[in-house]
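Both complexes below contain chain A, partnered by chain B and then by chain C.
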Partner chain A sequence: MSNKLLKMIGRRIVQSIIVIFIVTLIVFLLNQMVPGDPIVNFLGSNATEEQIAYYTQLFGYDQPVLVQYFKWIQGLFHGEMGRSVLMQKEISTILFQRLQVTLSIVFPAFILAVVLGVVLGIVAAKNRGTAIDSVISFFANIGMSMPMFWFGMILILIFALKLGVLPTSGFTAFSEGAGEWASHIVLPMIVLAMGPLAQFTRQTRSSMLEVIRQDYVTTARAKGISQRAITFKHQLRNAFIPIITVMGVTLGGMIGGTVLVESIFVVPGLGNLMITSIKGRDFMVVQNGVLVIAIAVAICNLIVDILYGVIDPRIRND
Partner chain B sequence: MKKKLVSVLLAACLVTGLLAGCGNSGSDAGTQDAASAEAGTEASEEPAEAEKSEMATAMDEATEEEASTDSGEAKYGGVLRYASHNTTSTPGYTPECTTNASLIFLTTAYESLVTYADDGTLAPFLATEWEVDAEEPSITWTLREGVQFADGTPFNAEAVKVNIEEYQKSERNETANVASCEVIDDTHIKMILNSWNSSTVESVGFFVYYMSPEALKDVDTLRNSSCGTGPFQVTSFEPGVSVKYAKNENYWQEGRPYLDGVEIYIVDEPTTRSSAFQAGEYDIILMNNLTVASELLGTGKYVVEQNKTGQGLVMTGLIPNSAEDGPFADPKVRQAMCYALDVEALCEAFGYGLLTPLDQWASPDAVTYDKSLECFSYNPDKARELLAEAGYPDGFDTTLTTDAGNSDMFTAAANMLGDVGIRCEINLVDESAQVNLYSTGTWTGIMGHFASISPDLGLYLGRHLDLNAAFYTKGIQHPDEAMELLEAIRVAPTEEEKIELEHEMQKLIYSAEDGIALFGRPLFIQNEPIFKYDYVKNDYRKVYHVATWSLADCWLDK
Partner chain C sequence: MNKKSAFQKIKNSRVVRVIFARKSVVFCLAVLLLLILAAIFAPIVAPYDPYKQDLKGMLQGMGPKHIFGTDAMGRDVLTRIIYGGRVSFTVGLVSVLIAGTIGMILGLIAGMAGGIVDAVIMRFMDAMMSVPMIIMALFLGSIFGKGLGNICLAIGISMIPSYARVTRGQVLTVREMDYVTAGTLCGASKLKNTISHIFPNCVSSNIVLMTMNLGNAILNEAALSFLGMGINPPTASWGSMVNDGYKYMGTNAVIAIAPGLFIMITVLCFNMVGDALRDAMDPKLRGTLGKKGKGKKGKKG
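Take a look at the complex of A and B:
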């Protein structure tokens, strides 16, 4: 790895840290503005004022806002995220468990979307204007516009209720059985992959069409290089930069955006946790959850930047 | 041209595919249409009514069917799988289980001193009898012999004392009136009270769930496990996901439980819960969404139950803010609001036959319901008259705050109020924001009122009327007459006197003649049905208390 590339990565890491710090501040302040009290939600309608006061003090919600913020940041430097009011557990433990579940659906979905999306995009570009292109573009449009919730419900009705071949909901960890894990993630994975798959298909097709008539492609063809080599070495490599940008943004979005899929398929992941915590005003979980998502997005963006440099020498030497 | 043709063909394929996916509903709808056509105009004029009565019949038949099949010989083995939207922060450290939603988790592993009988009165459980002394004041409990916790620690008077003290550490309301506990011997304990309160027996007897004193030495572990005297004990707890239990080998009831284990799943999305139940992934589900519940009822395939004792039931109503300086400070305006609402029509339109209209702070089957009392009923002319008398002949503008769950019904209610001149602007908030409004008493105009209507007004109505209460109290007036009556109910020395006073309270608040409508207009009872397969026997879910079950006798006829 060249020095310039290392410097670029270093710059990006510093930028990411600043962004993450700003995110923590914004999320914390927004939480303060949201109406609702975690303790009141936790205790329910049978609570007395004494009980509310006791738990408010226990969880430190009686302290000034700034003190609460700095205590949280201080805790983070010591690897402590605090305790969930609703779940009465260490937040770091909960988040780690939930993130594992989310990633075990997001990564297969992402890989599925990337592989199929790029292949379909290339096929569509190579067959531009033909029936194949129309079919692929049509389904890509459908995939982009299909409501996730509706699609998930339809899949449950068909594959779980009507055909009975897959479970309707739930999650089994890979360590508890690969078969069970696979059967539980198939439907959420398809629903989660649908939008990105369509997006990658369209992006690959459009990028490939841009490079397909470039002079270097004509030159390569004139030199007698095989069509396969032209496609993968010259066209795809040049078309890949905008595709990678989309992939980076999409992967980050998929980690933070599994809320709906996890809710439909009762997957105990990060998205599900965030919804429960927002509803219950479990602010500490929300803050830390957003922090984890922000870090994940920052890592995705960093990987994208590195890949830019790897694919395009102009970028790493700039 | 060729491209267009391909596009049209693709669109046709897609539509066909989607229709095939929705095949079931499509064919059902077709059948229904054909039936309606055969029935002619009469049927098409009142489809909602027909649907409602069909559902009511289905529920009755289902319940009867269950009663007739419960008499078979119990079988050992199997795991009962239950799913609902309710969750808990801990299945094991009971003082932190503060809501009714937690009770289903607690009552799988833990037991209380008393339970409820079929008629909703208190019945012995871990205590075999109790004596109250309103003069001293005290309660002396006789405990059941031979009971031990899952870890083998004996359940005795000392264990009861330790548990009461643990609840007091958490400032639990239920044990606040206990000044001290005197251990008389292993099976007898006397609780000295701060003052006599007729609700204390129920508070201490039913709402304290006993944990092993040994297990209490490590509360952090107990939070994620359990150690009670109940038929099952926690084997795994995933917050917001599931709680799994295995048979308690030390259970005190001979030959019980029949089941090997119990699994409780938290499934927030009602459609997914229903689909999983229909696919056989759960044996019992609680259904909080009336639309989905009505669809399940329509299948006629499952056993359906709703609570009948009134214990633990929650009502939904509309409560005006009478503490703020505005029209609702005047009782006549509150009465006008009550007269303006056609509750029967609202329940019919939005309840799918599953809502019981309400006019007092009690289930119509409960002892605290005063059957002789004439309550507010729909009378828009009377409402307009009262508004004019209160100085609002042209009505006034106000706000009606609602969460998404009740927004349809409350919007219809707002229209009814608008007809008499109480013009409401709808303010849609989420549940937590709503909780914040009623805990601070800062809602403007009218908002949803959610209250437990278990048959003990001193305890449950007191939670909203008492000056020290946490909810609604800051948004309502506290007339002397009501406060004195509340106190009288609390200190009533006998059950008969207490019920008489409770009926007086109902009259004071809900009487059509001169009720002060302090809590506005009750609308309906939230009595979410449970659906189960007919092979599930004796789970007693919803039978004694709406949020509990009793699984010692439960078995699966599979």
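Take a look at the complex of A and C:
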């Protein structure tokens, strides 16, 4: 790797750290504005004043706001995230388990969307103006407009209720059997992949159309290079830069999309955790959950930036 | 300028010509117009009362009396879909306007001020962007509470960063233009320059972004309502109707499928119009679109 590329990566890492720090500030401040009390919520309406006071002190919610913030940040550096009021467990343990579940759906869905999206986009661009192009573009438009939860519901109706070939909900870890795991994640994966797949298809199609008639393509053709080599080496490599941008943004969006997918398919992942904690006012879990998601998104963006530099020498020389 | 010539000017403008050259977009506009009119005139158009319960006639299937059947409380689903359009269109429009206005102001300030102000604003926008929009909206929704106005605010705020980014980018380009320098030479203050030269040049790209985001805003409202954090019942919202109907999926699927279909159609139409508007405003495509006898989408001439 060249020196310039390393410098660029270093600069980006510093930027990401600053952004993550601001995220902690925003999330913490927003949490202070949420009405409701996690302790009261957890203990229920029958709790005595003493009980509430005891638990409030135990979880540190009685301390001044600034102290709470610094304690949180300090804890993070020691790898501690505090305890969940609702679940009475260490938050880091919960988040780690949930993140594994979520990623085991997000990654296959992402790969499916990228591979299929790029292929369909190329096919549409190559057959521009024909019926194939129209059909692909039409379905891409539909895919971008479908409410995720609704699509998931229809898939459950067809594959689980009518045909009975797949389970309606739940999750099995990969370690407990690949077949069970696959049958549980196939529907959530398709639902999660749908929107991004449509987006990749559209982006690939339009990027390919941009490069299809560039001078260097004509030159390559004049040199007698095969069409396949032109497509993959000359066109796709240039078309990939905007596609990668979309990929980075989309991967972050997919992590957010798990909120809906996991709620329909009752998957015990990060998205489901976020809903229950937001509704249950489990502030510490929300705070740390959003932080973990933001870090994941930041890493995605970082990877995208590095890929830019690798694919396009012009960018790393800037 | 009299009224007629203004109308002529709009009719002949490139943007209008390009948009109307695409038959699919004209069709989408017609569908949207129909849905919006139905939502506005819901009390006249809708066949039943959206809140009147009829426990004897609950969960009816599709039929001549109730096209999409009735829900678990015996309310006509079609009626509730027509009323639900009010929520979707209001949230779509208002949240996009909130996001566009605040985002544009922030982008203008960041781009014009530069330095530390720029850095602070944009890093904040980056931080907001690194939290997925739906989670941000859920989070904000838990602060503001349920209800139409609060949902608009929650979704609107979660969409601010993209407008701030687009506006700032635009400001940085426009700022260096000769006519801005000319303005400065003529003694225009920074504020005057911003208002009369730079701001107008940022509007069009923001309008395109707003149109393209309308669909997303509607999807987000539906998602929040589906998760039970959106519009308060018994007000009809497409998202909460899907959620309510979900329980009866095995027996009476239509009451959940129909409202979802309306979400999809509406979002699809807004996306198509947004795409057409973006292409029409794109100077790179100038001269390749909207010519007579060339109705096809021509990305490259």
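FYI, the second predicted complex is superposed on the first by the 318 of 318 C-alpha atoms of A that agree within 3 Å, B and C clash if a C-alpha of one lies under 4 Å from a C-alpha of the other, contacts with A are read in each partner's own complex, and residues count from 1 in each chain.
Definition applied: a residue touches a chain if its C-beta (ideal position, glycine included) is under 8 Å from a C-beta of that chain, and two chains touch if they have at least 3 such contacts.
Here the structure is a predicted model, which means the values were calculated and not measured.
By the touch criterion defined above, A:Lys279 reaches both chain B and chain C. When both complexes are overlaid on chain A, the residue A:Met144 reaches chain C alone and has no touch with chain B.
Of the two partner chains, neither chain B nor chain C is touched by A:Pro188. Once the two complexes are overlaid on the shared chain, A:Gly248 sits clear of chain B and of chain C alike. By the touch criterion stated above, A:Ser263 is placed in contact with chain B and with chain C alike. Contacts of A:Ile154 after superposition: both chain B and chain C are touched. When the two structures are aligned on the shared chain, A:Ala298 is found in touch with chain C, with no touch to chain B. When the two structures are aligned on the shared chain, A:Asp37 is found in touch with chain B, with no touch to chain C. In the superposition on chain A, contact is made by A:Leu209 with chain C only, not with chain B.
Residues 34-35, 129, 142, 153-154, 156-157, 161, 263, 275, 279, 281 of chain A lie in contact with chain B in one complex and with chain C in the other.
Residues of chain B that touch chain A in their complex: 2-3, 6-7, 10, 14, 18, 21-24, 87, 89-90, 93, 96, 98-101, 170-173, 176, 223-224, 238-241, 265, 267-269, 271-272, 275-276, 278-279, 281, 429-433, 435-437, 439, 450-452, 463, 468-471. If you check the complex, the residues on chain C that touch chain A are 123-124, 126-128, 130-135, 138-140, 142-143, 145, 215, 219, 222-223, 226-227, 229, 239, 242-243, 246, 249-250, 253, 256-257, 260, 263-265, 267-268, 271-272, 296, 299-300.
If you check the complex, the residues on chain A that touch chain B are 34-37, 40-54, 84-89, 94, 97, 129, 131, 134-135, 138-139, 142, 153-154, 156-158, 160-162, 164, 167-170, 263-266, 268, 272-273, 275-276, 279-281.
Note for the complex: chain A touches chain C at residues 15, 18-20, 22-23, 25-27, 30, 33-35, 129, 141-142, 144-150, 153-154, 156-157, 161, 206, 209-210, 212-213, 252-253, 255-257, 259-260, 263, 274-275, 278-279, 281, 286, 290, 293-294, 297-298, 301.
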